[in-house]
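As structure tokens, the structure follows; a few thoughts come after it.
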Amino acid sequence: MHSARRPSRLLAAVTGSAVLALLATACTGTNSAGGQDDSAAGKDVTITFWHGWSQDSETKAIEENVAAFQKAHPNIHVKIVPKIEDEKSEQALRAGGEDAPDVVSSFTTDNVGKFCSAKVWADLNPFLKKDGIDPAKTFPAPMLKYSQFQGNQCSLPLLGDAYGLYYNKTAFAAAGITAPPKTFSEFEAAAAKLTVAEGEGFKQLGFMPAYHGYESSIAHLLGQYGPSYFDGEGKSTVATDPKVGALMEWQKSLVGKLGGFEKLEKYRTGFGDEFSAKNPFHTGQVAMAMDGEWRTAALDEEKLPFEWATAPFPVPDDQAATYGRGYQTGTIIGIARGSQKQTAAWELVKYLTTNTDAVVSFANAIHNVPSTFEALNSPKLTNDPNFRTFIEIAKNPNSSTTPASLNGGAYQVSLQNLGFDYESGKQTDLKAGLAATAKEIDAAVNQAK
Amino acid sequence: MTATISLPLTRRDAAVRVARRRAALHWVAVHSLAVAAALFFVLPFVFVFLTSVMTDRQAITADLWPHTWQWDNFVKVWQTDGFLTWWRNTLLYAGLGTVLTVLSSLPVAYALAKFRFRGRNLALMAVISMMMLPPQVIIIPMYLFWAKQLHLTGTLWPLIIPMAFGDAFSIFLLRQFLLTVPKEYIEAARIDGCSEFRTLLKVVVPMAKPAIAAVALFQFFYCWNDYFGPQIYASDNQGAWTLSYGLASFKASHHTNWNLTMAATLLVMAPVIVLFFFAQKAFIEGVTLTGVKG
Amino acid sequence: MALVGTPVPAALKRKRRREALRTLAFLSPWLIGFAVFFAYPLLSTAYFSFMRYDGFSAPTFRGLQNWSYVFTDYPSFWQGLRNTLWLVVVMVALRVAFGLGIGLLITKVKTGAGVFRTLFYLPYLAPPVAATIAFAFLLNPGTGPVNALLGDLGLPTPGWFTDPDWSKPALTMLAMWGIGDLMVIFMAALLDVPKEQYEAAELDGAGPVQKFRFVTIPNISPIVLFAVVTGVIQTMQYYTQAIVAGKVASGVIGGSGQQFEPGYPNGSTWTLPQMVYNLGFQRADYGSACVVALILFVISMAFTSLLLRRKSGLLASED
């Protein structure tokens, strides 16, 4: 078989050169920086707008807004692509190319740090300056905070979400509670009073404190304390800021008072889906819930056998003066850095985020909190008192958000994991757990540098 | 005479009766086990079907039998935005992928089974290694390759094109089968002056039809079921979604209408199951082929 | 080279050369495939494991930082590895045992064997996404029919996909539902066991258990080994079912500004392949994703090498 050597060498050569050729072309160049278009001169321009809203009422509302925009700018045509998840738009932006969107929106403000620092989204400061818009005078502070990263305003708020307390008035009356609780100790007392046992479980639970209880996640609950998360140098403060440990201890004690983790967990896993008629607050399985303002719409739609109302979520006893605050987040919108049609893209972003009529009608349509001062004070805004609660929370100077970070929401996932371990008793040493979590967060941020 | 043999006869009778009774018991035991197992395998389909014709209100209750039969759930799903596109894309991916896989894998399998050449064992080992490679291992460079070099993400081409370059599992399966084709047929063709390619086409292919059918079916199912590939390459363009990928996001965009989700689930399962009934034999032979005789 | 030693007649040389070219021509599709879709990306994965790369700005060398990050500062790695190992041990073992049992059962069925075989086989064909969604619905603790039935019977009603202790068992059940492939393989192997051996054993007074132990097992052990090794390799790739189950069961869907929690609940369904996806495509840390990918590669290849041993018979050829 001497002669067989020839093909095997040939084979090796072919394979080898193919690999080399590929490695050589495996350059991974950066994307181009984008550019301006001629829409300002009245030329026709078509831009693509990706958003994540998926319900019919929501997509219809955004279409109406865009139609109004096109009426005002007849030469700018907008192609809307709905139901895009964040990771998809991020993937498309990183890949670049002609099909990538020009205008993008996201529900996950945690990702702002990633989008800004990796320059996936363009810095909007030059545009704001050019048009004489002062962001600090236009947008509420927490919303401005979650839409920028280290001075780079790579996105603007497009409606916001605020979190408060939903309570079952009928159950309150039955338990002899006259007003919604304002402090954690009042809240605990109410939760205990509202809890009705049945067999080994509950007929009605006052409040589901587990971090998995849909919106009662650790970051949302921490909004009642207003923690810092990161220090000036960008290091995690979860181990040094006493607020984080305080919340976790309070939550754990509440878990204990309401029957213990196992019993609550058993009850929780029997809940229906969050965004369905089987949501435990809708079914009366829980008498109080932490939730966002959009819940008012879903509750209004249904004929429920009980009365309900909303209020700001209670605050820790030692911070009683801050009552009225809540966790805030929202939708953000920005321009792809690689877009070649940034002039037209900015016109759309500017319209959607700063035109008072647009913001108000959109907020009314999808039951979200408006994201500009003018819109928040607009008389056209819905008068529904249950919804108004959330507008007040959004205006409250003590309301807070989770700050943007280089690697998105990874730091919240780390903290959340510790929360799960602590509430279930898998982790008993809170101090050590927090220290390890801080180390984990720092390492992950460092990894993203 | 009767008296002398009657005794052993009755004894034999008794033995036969005992044996029969034991056989009957055995039959009952085996078949009740089989019925129990069948329930385990079939009941999920039944529940899915029953839920798919319920109202969305009933679908989230513990009532198992539909109060009213909402057949138009299927129509609703069919008319969902994109559902038809997902179908078309899945058919394109699975159809083209299958044809390309068979065309590109057959010659390779033939060479590995019937040619003698240096490095053949090594090549075979390489094929098996490729077959066993988790797709996630190489996904980062592959994604970058399709996204940054060729700008083909958001289409199905990153999924289809590689199938023109041989699929390790299909090569392996075909090679296992071709090993069983007697040498004499091939040599006879060669002596008749057939080129190797003609031999493959005229002699080997007709004999390997069952194996080719099995490979084609496997590949078709693989493409039909693929979730990871479309998630990576096609997901950022809804016009390129496939059924498996679309189905996974179906519940999210329908805000937990379990009845519609189950109807969609059935509509995704149905073609595969229909295909199976038409090609059951080829399929089961193919599975057997993957196992090796010791 | 061929020219060394005894001179080879020119005609023979030409023939051999032609044969070599022919072989090359037949192998060529796969050779390209091997280079482009296997060798190159593997080398590239190794390369990126030493780089900082986010898919946007140019990659920069960062030495072993990705490696030390994954091993020391990324606790989710160990959790994912533990979950993957749990699945490899429990899921594979149960699937092989159950597949063998069902295969055995189907060889004993006298009446309606064809019907039973088809029914047992069908779930294997259900597309994984569809099957997982179906199971997430069936096992939905609050509103699903399984717990409704269990509750009626007075049996415990676990939280299945929403309970960290039950999520992997629920996935295992899903995997056992799709046992069709193993059933067919084992069925074929069982029917291949020579009848004479059973008869001989019976003459020696062996009962059913002894026959199984001393005749069946030795005869089918290569198939069992094959099933175990391929099962392990498949489980190393376990992705679709875990991710879809987590997504559907979490009940939390986009719109609330919350990120999907990978490996829901509490990371209990978080596996190595998901980690590659999460690190690479969600966190845009391609370097660390490549580290995990290489670890996955090494473990898979260790098991593949078991298949490549001569004894496994995979490499057998006719000459």
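In this document, chain identifiers A, B and C correspond to the written order of the chains, with residue numbering beginning at 1 in each.
Simple rule for what comes next: a contact is a pair of C-beta atoms (placed from the backbone, for glycine too) under 8 Å apart; a residue touches a chain by one contact, two chains touch by 3 or more.
If you're wondering where the values come from, they're calculated on a predicted model, not measured in any experiment.
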Q: Determine which of the two chain pairs, A-C or A-B, is joined by the larger number of C-beta pairs in contact.
A: A-C
Q. Taking each chain's centre as the average of its Cα atoms, which chain lies closest to the overall Cα centroid?
A. C
Q. How many angstrom lie between the CA centroids of chain B and chain C, rounded to a whole number?
A. 15
Q: Give, as an integer number of Å, the spacing between the C-alpha centres of chain C and chain A.
A: 36
Q. Between chain A and chain B, what is the separation of their C-alpha centroids in Å?
A. 40
Q | chain C residues counted as touching two or more neighbouring chains | A | 20, 23, 27, 32, 34, 36, 40, 44, 55, 143, 251, 253-254, 281
Q) Multi-chain contacts in chain B: which residues touch at least two other chains? A) 60, 117, 141, 144-145, 252, 255-256
Q | Junction residues of chain A - those touching two or more other chains | A | 4-5, 7, 11, 22, 26, 28-29, 54, 85, 91, 94-95, 272-273, 275, 278
Q) Considering the complex alone, what residue numbers of chain B touch chain A? A) 57, 60, 117-119, 141, 144-145, 147-149, 151, 153-154, 235-238, 249, 252-253, 255-256
Q.
List the residues on chain A that touch chain C in their complex, please.
A. 2-7, 10-11, 14-15, 18-19, 22-23, 26, 28-31, 52-54, 85, 87, 90-91, 94-95, 107-110, 114, 118-120, 161, 212, 214-215, 217, 265-266, 268-275, 278, 292, 294, 329-331, 407-410, 412-413, 416-417, 420-421, 424, 436, 439-440, 443-444, 447-448
**Q.** Contact footprint of chain C on chain B as seen in their complex
**A.** 27, 30-31, 33-34, 37-38, 40-42, 44-45, 47-48, 51, 59-62, 64, 104-105, 107-108, 110-113, 115-117, 120-121, 123-130, 132-145, 162, 164-166, 171, 179, 183, 196, 221, 224-225, 227-228, 231-232, 243-245, 247-248, 251-252, 255-256, 258, 261-262, 265-266, 268-269, 272-273, 276, 280, 284, 287-288, 290-294
**Q.** Sites on chain C touched by chain B in the complex
**A.** 19-20, 22-23, 25-27, 29-30, 32-34, 36-38, 40-42, 44-45, 48, 55, 102, 105-106, 108-112, 116, 118-123, 125-131, 133-135, 137-138, 143, 145, 148, 151, 177, 180-181, 184-185, 188-189, 192, 221-223, 226-227, 230, 233, 236-237, 239-240, 244, 247-248, 251, 253-254, 272-273, 276-277, 280-281, 286, 289-290, 293-294, 296-297, 300-301, 303-304, 307-308, 312-319
Q) In the complex of these two chains, what residues of chain A are touching chain B? A) 1, 4-5, 7-8, 11, 22, 25-26, 28-29, 54-55, 81, 83-85, 88-89, 91-92, 94-99, 272-273, 275-278
